[in-house]
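Note that the chains are named A, B, C and D in the order they appear, and that numbering of residues resets to 1 at the start of each chain.
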Amino acid sequence: MKKPPHNSPIFTRYDLNVEDRHHQGARKVSSDLLLQRVADSLVTGDEDETCMAVSQALNAHKPLEIINESLIPGMQEVGRLWDLGNYFLPQVILSSDAMIAGITLCEEEMGHSMERKAKVVTHTAEGDIHDIGMQIVNALLRAGGFDVISLGADVPIEEVVDACRIHRPVMLTGTALMTTTMTAFPRIAMRLKESGLDIPFVCGGGALSEEFVTSFELGIWGSDAAQAASMAEDALSGLDWRQLRAKWNG
Amino acid sequence: MKKPPHNSPIFTRYDLNVEDRHHQGARKVSSDLLLQRVADSLVTGDEDETCMAVSQALNAHKPLEIINESLIPGMQEVGRLWDLGNYFLPQVILSSDAMIAGITLCEEEMGHSMERKAKVVTHTAEGDIHDIGMQIVNALLRAGGFDVISLGADVPIEEVVDACRIHRPVMLTGTALMTTTMTAFPRIAMRLKESGLDIPFVCGGGALSEEFVTSFELGIWGSDAAQAASMAEDALSGLDWRQLRAKWNG
Amino acid sequence: MKLTDSMAYSNPQEMMFGFAQKPVTTRRGLVIGGGSVIAEIVPHPRPGSEKTLHTLLREFERANGDALERCVDIGTPNLVLENEHVFQMTDDAHWGREIAALSIRQLDEFAEQYGLKAAYRATIADLRKPDMVNIRDSERTSKVLEAFDACAEYADILSIESIGGKEIFDHCIIRNDITGMLFAQGVLGSRDMAWLWPQIVEIADKHGSIAGGDTDCSQANTAMFMAGGFTGKALSHSLAALSRAMAVGNSLVAYECGASGPGKDCAYENPIIKAITGLPMSMEGKSCACAHSSLCGNVMAAVCDLWSNEAVEYHRMFGGSTSAVFSEILSYDVASMNTAIQLGYQREYQACMVASDRYRSLQGFILSPDNAWAIGKAVVDNNQSYYARTLAAALTCGELMLADPQLYFTSYEKESLAGYMTELEKLPQEEEDFIDLCLHKYAQVKGFLPQAYGL
Amino acid sequence: MKLTDSMAYSNPQEMMFGFAQKPVTTRRGLVIGGGSVIAEIVPHPRPGSEKTLHTLLREFERANGDALERCVDIGTPNLVLENEHVFQMTDDAHWGREIAALSIRQLDEFAEQYGLKAAYRATIADLRKPDMVNIRDSERTSKVLEAFDACAEYADILSIESIGGKEIFDHCIIRNDITGMLFAQGVLGSRDMAWLWPQIVEIADKHGSIAGGDTDCSQANTAMFMAGGFTGKALSHSLAALSRAMAVGNSLVAYECGASGPGKDCAYENPIIKAITGLPMSMEGKSCACAHSSLCGNVMAAVCDLWSNEAVEYHRMFGGSTSAVFSEILSYDVASMNTAIQLGYQREYQACMVASDRYRSLQGFILSPDNAWAIGKAVVDNNQSYYARTLAAALTCGELMLADPQLYFTSYEKESLAGYMTELEKLPQEEEDFIDLCLHKYAQVKGFLPQAYGL
């Protein structure tokens, strides 16, 4: 079958145009070789290597040191590369898996689990089984140091409200990919208001629009899972839903 | 340039498929030759011929007779052929022009204008100059024997409300072809309610949907100009906007 | 002014999509009609967004941005972005200017960041409704010209859908009165364009913008739209086809006044205009179903240089906003045409587009390149007057339809067409006589103001 | 069950849109794959309309009616109308039945009144989310089967987008884990279809309906969708391409169990399936941009038998409802393909569709007929096991991409692809060994239930 001449005006490979526009590697996070090795293993997202590196480091360092001076800064590097557009999603997920494994080791050593920043409840709308978006959100929130209580997919409204009543999270997230299921969110928001729970409710998922989410109280629209952690940070720092909406939407 | 073989599965000429499905001519409306000639001239939509036929008939018949026994029944035949799908729009418009000319002659003879069924106010939405739909509606309402007060295109809300206050029509119509102008209709309806004018407000035009029009009080959705006259008849016979909506929408 | 007396193309076979005899290059270096077809996307603001300049700017920022982003995401090399003014943008030139400026900023960002080559077309709204104002001398008239001046600063291309003759046309179209339509389209419309377009061209030149072109949308498209599909009962398709042919006499004037193309998408007479002028033309067909249905969805692509969706209201769909979705559909439409050119299969591809619709409908038939060219030929061979060439276009159009045995008519269409032809054949030779006849016949039409046409 | 060991087409040049080796005829006499391409329109109900059966019926009545009306208005000879079940229609079989019955009534009315030939496809929603229920034995499982039985009474064609393996796939896709994706698509998905499809075929036969086919939408389309366009950063395009190739091992099972086609529109693996089976396939590309974007909008038409919009939510546009608008767009798309066939230009036309996207993206490249055929060949040549053929599909797909110098990669894509290939090459020979490996590796994945796959 005939083929068009090279460089014909049929399409443009913009991915090649912008390639290595911003090429950058991970930065060094520690002068200590053992700690740097832990960080490196995170950056490559190699869970086994992370576990080995952490156990080694535990001979010379306190668990908390390892967490604060290699695992967390290492993960921050990963986040930076992702923000830069150098890293793709799976790299971030793998790093976060590795970090969690590393932290678990440290926690065993400490004999108690480390202090998480705060609780975040996540779920996928009732009647909706499209939960990949939520899974990404979960991973990125965990990577950000939050205690994620994920209710899973197709979660009844009541269950969501109860979970908020019990856990008092700094933030609630919802994912919906169907216009026929997203209608659950305003109802959840209403029930939360009724129960006096003014929790910022970040809603995302293919079906949602900024218009829709900002049309009900508590609602903040999330266009990209990558925003989840920073939004939780904001909530943690005391911004209420109106302030979050003002900052992230519009 | 190559042509495809005849009857190839590229398209189907459905217009030919259904052609002369329902072929019918106009029915006789009067045994009186002069009156029938008037009716015939209407059916062919020949205004000059109608005028001649009417002046002739006036020698033998009372003006009101001519109106009631040839002009009106003749126009009814036209309406019937249009409903059957035998007649196209222009044929109806021309017949209605002819009828109006004929009636004018009779009125001159009577020395006073004939009793119209009732008043109907028509307009095209503020900011909208798409008024052909309205022009069709005007012609068909006149053909139906109604006294049409047409405010024209791009009519300010206040003007519409005032016209209703002054004329107290049995029905108000609005036409809008732009989604950016149709928003005037709910506001008109509201102002009418405020002024205690519960006039059925039939809204049509490419931009409108049944959902939209039935979302505000007084609103009745008109999908086709051909409905206007029958709707006015219903209003005249005492149906209120709710009953009209129930009958024509949903 | 001397009317065009020759064809740019010596025969229809020379005409091909993506190629115009006189390509146009925008100030951003986008070449139109220079060997490839380019998508022209037209987003339309949602109701309510026109309430304030701020909300309308936001709306266009979104709609334009979504279109540009989608083009980058799927690899569309070039794009023309058109904003058809809503009332407010022309009524207040400041609005038009701000939105043009915004759009240009967006275009330049994408050019800078990705290398996407694009152009911006501003289509001013013709607010001069003839039965409401004196189209040559009214506040609305000056507003239209101010809007042109304001947008020309930024826009790569300027257009309008002028509505001269519309008051007569509307009166006649619903009365099956082809004489009046000929008067409205051929005489009044042409005279209005001859008055309006030199001013537009001057404004464009002053700002280094391109005077694109005009369309007889207000008349021929009303006819096409009312004739509708195979179940339509509002108008005969033959009248709509004749109205299309008569549109040429009208739209051609813009180019005779110095418009250089790309012509306006909704001008379905553009295949004829291109045959005459050799200028690049924007056209629309199947992928403008979002704006209105047509019976010539494929054939319209046969000789297009830009390929448009006419207008789509900004809304979410599962696949993104309508602006993104239709950019993608248009992009792939033109990609296959450009591939055909690259592979040397453009003739075969064109034949498929034409044969798809040639006998589907009268509109499709007369807009097939060969017939379009023949109508154009009649226009230039009868250049004694606007009237003469418009009448010739209509007569030739009718003869072409009657001559092809593969083109079937319902009995109603056959009768109608016969009727129109006899009516046309009975019309006077000279323009003056025709004008006198019409001035008398239509004196009573609401809002008709002969002076507004210099009559 | 013995796995397919031969190709229906002895070479890719034999494959052409509109022609399937084994055409299918519906109970209404519509022939699919018999020499012309037919549009498949898929309207989707608006949010809120699912509240009651009454409102949902009204919604589909409108959406279906608009599509049929538009086809008559523009002269579309044939149509396939698909309703993709929303949750409620499958959850309560009565709803599914009522809507199927209504749709059939509408089809028959139009056939009677105008002679429009159409068919109705009911696509049942697969509610058996593996990490929530035992997909072989749960209330949802029986509901799915009941829905099939209820709709088979009326529907001309039955389909489903089954989701076996999805729990593992979702876990692995976001972890760049191709081994797990191979397990999910090749082993789990295939075993689920082998369990599910004989039951569907039996139901279809009982009612004289057609068991259309399945799709790996739940997996390969998730990958394609996440890889996105040229600015996407969620997933590598090479992984999405490999996932597409692996989808064949999965979707093919439905046909091995007796499904006869037309395959499901969203199965972008269908060109490969058609090469293997010779059955008619529904495909989607540029005109399903309303449902999602893609980098293979034209090439997907190269060997399609039905041409679909995947799904469009019912809404008003200027040109009518989305259902009418997309029926018109699809109608003209297929009209030009059918014209090409009639003129004998189908090869040239096909070449344009293919060359438009062949080097635009990896997905477009591997779905070009020649590559699709080659991947199919690898599948049938390695029919020892589901695992073996799926692995072969992936490896061949990777080799094809690496072998063509005109196909460019970003460095990230190059690295990624190299990585996947080495990982695949290291995998065990035998299916049992692979299964053991995976049962161990993914034992901890939330909701993974080996017994649900007979493991």
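Please note the rule applied: a residue touches a chain if its C-beta (ideal position, glycine included) is under 8 Å from a C-beta of that chain, and two chains touch if they have at least 3 such contacts.
Since this is a predicted model, take the numbers as computed values, not measurements.
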**Message:** Using only the chains other than chain C, in their current positions, what clusters of touching chains do you get?
**Reply:** one piece
**Item:** Far-end chain from chain D, centres as C-alpha averages
**Value:** B
**Asked** Just how far, in Å, is the C-alpha centre of chain B from the one of chain A?
**Response** 62
**Request:** Starting from the mean Cα coordinates of chain B and chain D, work out the distance between those two points in Å.
**Result:** 50
**Request:** State, to the nearest whole Å, the distance from the C-alpha centre of chain A to the C-alpha centre of chain D.
**Result:** 31
**Request:** Compute the distance, rounded to whole Å, between the mean C-alpha positions of chain C and chain D.
**Result:** 40
**Complete:** In chain A, the residues touching two or more other chains are 2, 4, 10-11, 13-14
**Message:** Going by the contact rule already set, what residues in chain C reach two or more other chains?
**Reply:** 72-75, 230-231, 313, 318, 335, 338-339, 342-343, 345, 351, 355-357, 360
**Message:** Testing understanding: with touching defined as stated, what is the shape of the graph linking the protein chains, line, ring, star, complete or other?
**Reply:** other
**Fill in**
So the complete set of touching chain pairs is A-C, A-D, B-C, B-D, C-D
**Prompt:** What residues of chain A sit close enough to touch chain D in their complex?
**Reply:** 1-4, 6, 10-11, 13-16, 19-20, 82, 85, 87-91, 93-94, 97, 127, 129, 131-132, 135-136, 139, 152-154, 178-180, 182-183
**Parts of chain C lying in touch with chain A, wherever the complex brings them together** = 35-36, 72-78, 113-116, 316, 318, 335, 338-339, 342-345
**Residue numbers on chain C that touch chain D, as the complex places them** = 44, 69-70, 72-75, 228-232, 285-295, 297-298, 311-313, 315, 317-320, 322, 324-326, 328-329, 331-333, 335-340, 342-343, 345, 348-349, 351-353, 355-357, 360-361
**Message:** Could you list, by residue number, the parts of chain B that touch chain D in their complex?
**Reply:** 2, 4-5, 8-14, 17-18, 206-207, 209
**Message:** Using the touch definition from the top, list the residues of chain C that touch chain B in their complex.
**Reply:** 13, 45-48, 50, 86-87, 127, 129, 131-132, 170, 173-176, 222, 226, 230-231, 233-236, 313, 350-351, 354-360, 369-370, 406, 408, 410-412
